[in-house]
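Some structures are shown below for you to check.
Two complexes, one shared chain (chain A), two partners (chain B, chain C).
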Partner chain A sequence: MRHVILERWSRGESCVHRRDPRAKIVALITFLAVVATAHRALAWLAPGLLLLLLAGLVLAKLPLTGALVRAALVVPFTGVFALICWFAGEPALGLRLLAKSYLSALAVIWVVATTPLPALLNGFEMTGVPRFLLVVCQFLYRYLFVISEEAQHMSKAAAARGTAARNWTAPGPSFRAAAGALGVLFARSYARAGDIHRAMLARGFDGRFLQLHSENFRPADTAFALVASLAPVAVRLTVERVVG
Partner chain B sequence: MARFLKSCYGGKAVHIPDGFLSTPVWAALDTAAVPAVAWVARRAQRGFDDRQAPLLGLMGAFVFAAQLINFPVGAGTSGHLVGAALLAFTLGPAAASVVMTAILGIQALVFQDGGLLALGANIVNMALVGVLAGYLPYRLGGAGEWRRFSIFAGASLSVVVAGCLALSELLISGVRMQTSLLGISLAVFLVSAILEGVITLAVVRSLERIQPTLLQDSPPHKSPALLFIAVAAVLLASVGVLFASQAPDAIEQLTEHAGPRSFGWLRQAGTGLAGLALIYGLCLAIGRTVSRNRSV
Partner chain C sequence: MTPLVEVHGLRFRYDDGTAALNGVDFHLNAGETVALLGPNGSGKTTFVLHLNGLLRGQGRVSVSGLTVEPKNIPAIRRKVGIVFQDSESQLFMPTVLEDVAFGLLNRGLDSVTARGRASAALETVGMSAAAARAPYHLSAGEKKRVAIAGIIAMEPEVLVLDEPTASLDPPGQRSLAGLVADLPQAKILVTHDVPFALALCQRAVFFQAGRIAAEGPVEEMVCRFDWHFAFERSKSPR
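Now for the complex of A and B:
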């Protein structure tokens, strides 16, 4: 699956990978806020912020083209709206939407590709997101691939039994077959949840995930958070002072 | 063009990316989502025992996986389940909201499907209002002769309401759209809503045959008139928002004239962040007090 690549990148080793997730979350939110509130001189601001992100990617030793292509996942959705704006006679607005959403997606990738997701979710817990929600997210991410694989097996098995041979005039039987498959998948996931819970209770699970690493916020993390969140603000102030 | 739009909506749900919403809109919806999610998480946790966390996680994974199973609709097209209403029927509305929130969070972080600042908007559209709109008809008419219709209506309503909310947020934020395109997107919402209703009904019926205990009980003997009034209210509210947002110029002019030219954004962002920080502190304080009272 195509998103496993983020998981692999996040196990890398660089000065960005080593920083505390909380510092990266602070920097990310600042960057997103700077992008979201930008109105003027976007033609200069967008390349500036892109350069900043590229510097971040290089610093994190991430493959540049890979990350840039990955961020283009937002383009199909945004591109349609950009086209709509173009037809409505406002090409500038369309380009603005495209630039803003692409930059935001690239920033999110920069953080997710340098922090393993469990650590990132743990970092969100320190910022006050309900722990219950984050534990649900952890389980969801852990079993996402397991259940998806099961679904793929089921649809492959169904196809082997002839559901793929579509009857154009009467889709009823294969529709019911798909509904049955989903019902079975639902019941199986439900039963699996009970098994997982009992197995985790047997291993002393008390509703929270323990971390192997210490969660000390070091001076280097503070410095990183300061520099990384002040950089986009500085870029924007400079551009707006010079151009605007 | 209709097919084009359909492909961009993924046929179903609109995950708003960052950069689309204007600052007042995303900031307001984020501030609305934070306490709502905290409350819903607390409620879902209280409703069951601590077995809930693995169960909700697996249900979220199930909804992701359900998108891999295609439902043939005829004429070469196929659809898949969105799942908000199905979750509400099986887990109850609070737990369904938590699962949908977790799904949206993972989608924003790992799949670049929807933005992080726009997460509040997406949560309000799909995880809060969408789930509630799906649960309402089931709650009112889930038992008795109206059962099948209310399951269908709930699933359809959840898709229509979430779509209309997302569309009106985009329009309020100043994304221009011609009237004809607006009509096409509403038609797309309607078609995918009907599809969601049919799929959800089929899955619920197959679930009833396999393991009927998995479905939530709904109180018996509610009058169908009440159901229609409630459904009509939800539908009217969402469509009303849509039409109100047809004239976003007034709001835009207001914000343009209000802000001073230089460093206006800094002040604007500062005010927004201060408001967010205030709400955040308030939620944290209330959460602390509540949990302390409970532990005593």
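Now for the complex of A and C:
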């Protein structure tokens, strides 16, 4: 089975991977705040922040192209609003929107790709995020894998009987078959998810994914949180002072 | 001697109206290994899901003197460990070690103790080398062993294995039989695998239409219900 690449990256070994999730969450929130509230000199600030993120990706030993491409997944969504701004006679606003969304997505990828999701959610719980919300995220995460695996099984079974997945979008019988397959996929995933939930309950699951690795906030985590949080603030202040 | 597991008059009906259990009486003594035989859909898996409260039907189920009811569920689930038929459903953590430690952490053990017991359980099933691997990268036999490790790490009093030899090759079945035979717990094996049941079980109960139709020595049940695979190709003259 192929699994989400971010999950694989998050199991890597680097000084960023080793940091406490809370330190990375603080850095991420600061970065997002810096990006969201930036109005002046964005043409200079955006490349500066991008360079900062690239440095973070290098430090985390993550593949640059892969991360940059994945962050671009946000473009089709914000691109629609950027186009609306363009047609409304505000192309600069559209470009700002695109730049901010891309930088934010890349920052999120940097954190998600350096922290296994259970540890990240654990970090959010320790920083006071409501537990109910995190439990929903945990199950969403687990069951996305279930649906993905079931879809891969079905795709293989279809291919073994001579059906190419790309033909399923063609009108007529193939499209009907694809619609039926989608229904079966949901039914099977639902049944499988029930089995998994039962297996979790059987081993005493009470709604919390507990970590085998206990998280201790070390001095190095404090230093990391400070440096990683102050860096985007410093970049913004410098750019605004020099250019703006 | 008081049986470890006692079931009286257990009845269960699924939401769609299917009557899966129609009055089951059962007992399991400490140290005993019992095979549950019977056709597909006869209620074997539904029955074992009642033993640790994953399903609740009418009738009485008790484990080590504790009745299966909401207030006893956490204690009951510590006493009864179920290895599910589909190991994929049982392995959901990112690494093998974390998966085996899952139940231990839920029991309130600290990380160091949980890690030690999980490592010991992996050693028991011969999977120490796979501790850091992702469960979905293992073979069917390895997944089964890790699933068993996840249960025996919790040191249950009763071990339930649902179709343990399904999807295993003959060497895998042999190796699993050796592993299960060495485990000290009382065991319930839900299986269609007659040689496996003959090798490990002192007794068999035969399920039919949600009831126990008969019980006794495995050989006797197999003969009485003609419960073995035999096929002779008809010889047609050429």
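Rule of thumb we're sticking to: the second predicted complex is superposed on the first by the 183 of 244 C-alpha atoms of A that agree within 3 Å, B and C clash if a C-alpha of one lies under 4 Å from a C-alpha of the other, contacts with A are read in each partner's own complex, and residues count from 1 in each chain.
Convention: contacts are C-beta pairs under 8 Å (C-beta built on N, C-alpha and C of every residue); 3 or more make two chains touch, one makes a residue touch a chain.
Fair warning: this is a prediction, and the values are worked out from it, not measured in the lab.
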With the two structures laid over each other on chain A, which partner does A:152 touch: chain B (first), chain C (second), both, or neither?
-> first
Where does A:210 make contact in the superposed view: on chain B (first), on chain C (second), on both, or on neither?
-> second
Give the label of whichever partner, chain B or chain C, reaches more residues of chain A.
-> B
Touch check for A:200: first (chain B), second (chain C), both, or neither?
-> both
Touching partner for A:116 - first (chain B), second (chain C), both, neither | second
Just chain B (first), just chain C (second), both, or neither: which does A:175 touch?
-> first
Touching A:132, do we find chain B (first), chain C (second), both, or neither?
-> first
Who does A:66 touch here: chain B (first), chain C (second), both, or neither?
-> neither
State whether A:81 touches chain B only (first), chain C only (second), both chains, or neither.
-> first
Could you tell me if A:192 is touching chain B, chain C, both of them or neither one (first, second, both, neither)?
-> both
Can you pull the chain A residues that chain B and chain C both touch?
-> 3, 142, 192, 196, 200
Note: in the complex, chain B contacts chain A through residues 4-5, 7-8, 15, 17-21, 23, 26, 37-38, 41-42, 44-45, 50-62, 64-66, 68-76, 81, 86, 90, 98-99, 101-103, 105-106, 108-113, 115-117, 170, 174-178, 181, 199, 202-203, 205-207, 209-211, 214, 265, 268-269, 272-273, 280, 283-284, 287
Which part of chain C faces chain A closely enough to touch in the complex?
-> 49, 52, 54, 74, 77-78, 81-82, 84, 86, 88-90, 92-94, 97-98, 101-103, 105-107, 110-111, 114-115, 118, 134, 136, 150-151, 154
Mind listing the chain A positions that touch chain B in their complex?
-> 3, 6, 28-29, 32-39, 70-71, 73-74, 76-81, 84-85, 87-90, 93, 96-97, 99-101, 103-105, 108-109, 112, 117, 120, 128, 130, 132-133, 135-144, 146-148, 150-152, 154-155, 166, 168, 171, 174-176, 178-187, 189-190, 192-194, 196-197, 200, 207
Note which residues of chain A are touching chain C in the complex, please.
-> 1, 3, 7, 11, 116, 118, 142, 149, 192, 195-196, 198-206, 210-214
